[in-house]
Amino acid sequence: MAEKTYLQAISDALRQEMRRDKRVYVIGEDVGVYGGAFKVTLGFQEEFGPWRVIDAPLAETAIVGSCTGAAIMGLRPVAEMQFADFVSCGWDQLVTVAAKQRWRVGTPVPFVVRLPSGGGFSGGPFHSQNPESSFAHIPGLKLLCPATPEDAKGLLISAIEDPNPVLYFEHKHLYRRIKGEVPDERYTIPIGKARTHQEGDDVSVITWGAMVYTATEAAKELGDVSVEIIDLRSIMPWDKQAVLESVRKTSKVLVLHEDTLSGGFGAEIAATIAEEAFEDLDAPVKRVAAPDTPVPFSPPLEKAFIPQVEDVVKGLKELADY
Amino acid sequence: MAEKTYLQAISDALRQEMRRDKRVYVIGEDVGVYGGAFKVTLGFQEEFGPWRVIDAPLAETAIVGSCTGAAIMGLRPVAEMQFADFVSCGWDQLVTVAAKQRWRVGTPVPFVVRLPSGGGFSGGPFHSQNPESSFAHIPGLKLLCPATPEDAKGLLISAIEDPNPVLYFEHKHLYRRIKGEVPDERYTIPIGKARTHQEGDDVSVITWGAMVYTATEAAKELGDVSVEIIDLRSIMPWDKQAVLESVRKTSKVLVLHEDTLSGGFGAEIAATIAEEAFEDLDAPVKRVAAPDTPVPFSPPLEKAFIPQVEDVVKGLKELADY
Amino acid sequence: MAVREAEPVASLSEVKEAGLDREDLLGIYRSMLITRGIEERGHILYKQGKIPGSFYTGRGNEAASIGVATAMGPEDVGTPLHRDMGVHVVRGVETWRIFAQYMGREDGPTRGRDGNVHMADARLGLIAMVSHLPAMLPVAVGCALAFRIREENRVAVGWFGEGASARGDTHESMTFAGTRRLPVVFVCDNNQWAYSTPTHLEYATDHVADRAGAYGFDGVVVDGTDVLAVYREAKRAIEKAREGGGPTLLECLTLRMEGHAVHDDAFYVPKEMFEEWAKRDPLERFRVWLQEHANMTGEEEEEIAAQVKKLLNDALNRAEESPLPTPEQLLEGVYATPEDLDTPHHK
Amino acid sequence: MAVREAEPVASLSEVKEAGLDREDLLGIYRSMLITRGIEERGHILYKQGKIPGSFYTGRGNEAASIGVATAMGPEDVGTPLHRDMGVHVVRGVETWRIFAQYMGREDGPTRGRDGNVHMADARLGLIAMVSHLPAMLPVAVGCALAFRIREENRVAVGWFGEGASARGDTHESMTFAGTRRLPVVFVCDNNQWAYSTPTHLEYATDHVADRAGAYGFDGVVVDGTDVLAVYREAKRAIEKAREGGGPTLLECLTLRMEGHAVHDDAFYVPKEMFEEWAKRDPLERFRVWLQEHANMTGEEEEEIAAQVKKLLNDALNRAEESPLPTPEQLLEGVYATPEDLDTPHHK
């Protein structure tokens, strides 16, 4: 057990898996000599050599598509997108080939794409996005969004073990800001299981990624309203049962995400709650998310874009008072 | 006024606009000499020449990306995807460039992509998809899904007139099956306005595209339950007001679409209703959609995949009995 | 790096040098007959209303697909496309399963989930294509990357059409394979039409293979109706890749002898073009070659034809007995389970 | 179709032939100083904490960007990238607006919505880049297509890096432009590094321009530190395109003289490489050339330097006065209105 940053937890987990399992290799732009744009793979190439830590050409389709081939040949590729935003250039390979191959012809395609995502530091429209909602709609892909160093490690290992294409969203704003105890030994966290970040009785917040911390801050400001925070961790599959249980307990729920509102994955959660826990609800299902715009660069705009503690406080109060 | 198929209405509208407005041109695979895979542009190249009816290389990124450039230069491109499914190969150009340019730098990007979509004739996983939900989440794009020949014409003209990138989904299963009166003169249908396909008092169905007809069949089987059918026509922007008004009237609502359930645009509609019409609801918001799998080829599977009249009947009865 | 235009194969001795004995040659001929037979029967099935959706054939491409597949080693892998039924045949797919696939039956390799040649038996070293062209090229490159990482002497073969050569996937695949000298052979089925689109609207060079130099490897153009020439060139390319010599772009020039799919009468293809290429029918060419160079007797010919006919009849009958999938199967297997990994291709 | 390696420009008379008089030359020099000055000041602003996010410069690329921009006609359009500040300068962007852009202020061309060189003034014939590389190439090709459709004598210029040459967008753009002989010039800013990735991992040929032949047009490699050689070659390519001669791939060879962005110390670039290329600093080279071939006097030099300094100071001051955008602005203009179409570029 040691205290580690979120980033260190990811890096260590990946290194551990590569030591353990020769089938695991890393591919991406600048992941080798440079150690990755965020230094997650720093020192990896020295240890594992240039054919297990592969500096790819600037070609996301080749990166993602080759993972499908190598995975089918029995390897366990872990691709890095330099920023999650650039996965749009690998979209077709993911949704058309990787996602559907198992269902169509029975061939599992076990690989992981790591996606440094999220905003909060003026990355602008193309270095700040949270593209998980787009992929959550595509059957055949799994999507993970860890919020803590412990989950970051355990879920990455689970992702590598999983026999499916897994998109692993790592929030850039948590990389160095968030620290926590991380077990040294190898462990997995089950995919599809939520984590109760904080227990409470009056209102539930369903969220993931960096917003877990925003929700925590907001809950502190609520005074005597008792807030339960469910950290989904896994977006697809998602832990419907845990969510519904929490909602049945509190009868009020706020769904929170950093991605934009309309058609965001929060809609799926809200719709499911509205359908399956209708009788348990004492208030409308509230969604707090970014407005429907690209991610802005300038700080005052970005602050207005990313859900802030006060936005969540406001939502929670409205629910509490309903 | 003349009776026309849905396909003829699209074709005639496009030809009318090209005659009227020299800025309009057509580009796509096999749209010229061949007249398009579905013959929507049959005879166009003879009339307008090879530089206004452009046989493109097999290259969706070039097709869609070039539309952005030509649109900014003042033309009004209308691109055809051979099948809607292949738009996945133009995803990045649409979501990264076209969708964000107006907001980022004030440059409007007025073009239309026509997407023959939908299943029902054993097209299999790659010739049957309804990709509107993926795009509905991307701010900056407009999405249309006409269900009638009259709307098909009016909305296509509106799309061409609109100063934004517009995805125009034309359902292949309606092409030759659906006929209706279509005015000869030029007219537009406002983007963002739903159409009440059928008035009713007991339950509302919110749907679009081919599912409008499935809902109509289902409503007929309901006997004395009075069903209101709202045909959204426009998915983004969507007519929240019309939907909420209908829900306030009936207090029960079923959201129906052909695309897969989880993260489908129905979730956004259901979530919105659940949040904004909470007090008006007498039953949970029900969603009927395809299950979360790729689109199957073999008829018994495809029938199980695409929402059938009986599925809608079942859902409506449950709501009526709630 | 210049493109080489391959010579036809002249003599039996040359063929022997390339590693084929007389048995092999008759086997190739047999595969060609089976391939054509499957697609002709498929066409009939389609007209009988037994095949849902659309129907594609590779008529005219039999020599190209079979020549390449014959040159592949047993451990090599490939991603054949909709004109490459011959690859499946050579790799040993059971014929009845193809008919079952056509008809959307449970015993097709996709169990009715996908149609046409959107299928493959992974145990035979083939990966099932998707419709999106040429999205399987990056996948083939990934297979080659795996071989390189594990230092195996295996080669991946990726197919693409001359139309699909225009798409970015082609470029990224060749760029990656070229810079890393991966053991992959890119086979272009150049049948001169991409649906209705002629070649000059898809690429601005004389040959698709002219582009190989842009990726740092060799390009070869071969007459795709000459099965032995295709075999020889594919063999060279594959063995070169196996020995660490990097990729080759092998372009097989043919004509698509039917419409793009069954609904298309190909009105846009000049009649003379069909007439000219009909004279170079790959089966007929090889039949004559076998008579002239390998003394194939009329008896042998008849025997093979009879075998093939029986094979096809039996396969059709068996396929027709295969049930349609049941609705409950729809939801199975969207996600793989750990047990799914216990398959040969994941070894 | 072979690649041509361009000669340096030797004499003033040669330059005059290419259409530049002495005033123009001093103007180019001035633009180079402004370009470098903007980025140097930007760097200081960044260190002062006044620029949020990251910060990129095009140090070492000034001759390349300015040479090409100078060759463009007033009605031509372009899609310059993050190393091409010089293009904005030559086309006449107001300097203070760039500083405002850097600092996320309301008077930047994107009004604080985007940062860095992710901007352009459409009225100057430039289209703002996105981060995704080289997603602006298909857009440039679309501009050229519009010119072709309307039979206008205009040319589009699309920029891309040698790293981005690996992506599919490059290929589809060149394929489409090549088959249709569209009036577009593809300019490759080859600064030998894509972030930390060296060229041999991005392409397997000697030059990126070696690929031009694969698309049926000419490739030219030019020393990107020689502004006049770049100008001459760009002019040729642009005028060729204007006359219906189709695209050219013009590769400007430079070295990225700093890290990928401000956080990157470029440890992976061999020190000798920096030293060697430092000797070929584009500004210094051109300064000496002007002294030797155009008799630029010390006085003139000082005057230009003083002008530029004043311009930059004034611009900085004015930019610092520009307000930050207000939160309410966030929601404006996700969708264009019909009135938005009443802009010059939509005429």
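Some notes on this structure:
Should a chain be cited, it is by its letter among A, B, C and D, assigned in written order, with residues numbered from 1 in that chain.
As a working rule, a contact is a pair of C-beta atoms (placed from the backbone, for glycine too) under 8 Å apart; a residue touches a chain by one contact, two chains touch by 3 or more.
Because the structure is a prediction, the values reported are computed rather than measured.
In the assembly without subunit C, touching between the remaining chains still links all of them into one piece.
Using the mean of the Cα atoms as each chain's centre, the chain most removed from subunit A is C. Centroid to centroid, with C-alpha atoms defining each point, subunit B and subunit D lie 40 Å apart.
Once the centre of each chain is set as its mean CA position, subunit A and subunit B turn out to be 31 Å apart.
As a whole-number value, the distance joining the C-alpha centres of subunit A and subunit D reads 37 Å.
Under the contact definition stated at the top, the residues of subunit D that touch 2 or more other chains are 110, 113-114, 118, 130, 132, 166-169, 172, 175-176, 179, 201-203, 334.
For subunit B, the set of residues touching two or more other chains reads 56-57, 59, 61-62, 85, 88-89, 92, 96, 100, 103-104, 125-126, 139-140, 292-294. If each chain is drawn as a node and touching chains are joined, the picture has every node linked to every other. Note for the complex: subunit D touches subunit C at residues 166-172, 175-176, 178-179, 200-205, 210-211, 213-217. Subunit C meets subunit B in the complex at residues 52-54, 104-105, 110, 112-116, 118, 130-133, 161, 163-164, 166-168, 194-197, 201-203, 268, 324-327, 329-331, 334. The touching residues of subunit B, counted against subunit C in their complex, run 29-30, 33-34, 37, 55-62, 82-83, 85-86, 88-89, 121-127, 291-294, 296-301, 303-305. Touching subunit A in their complex are the following residues of subunit C: 77, 109-110, 113-114, 118-120, 122, 127-128, 130, 132, 135-150, 156, 168-169, 172-173, 175-176, 179, 333-338, 340-341, 343, 345-347.
Within the complex formed with subunit D, the subunit B residues making contact are 25, 51-52, 54, 56-57, 59, 61-62, 64-75, 77, 92-93, 96-97, 100-110, 139-140, 142, 161, 163-164.
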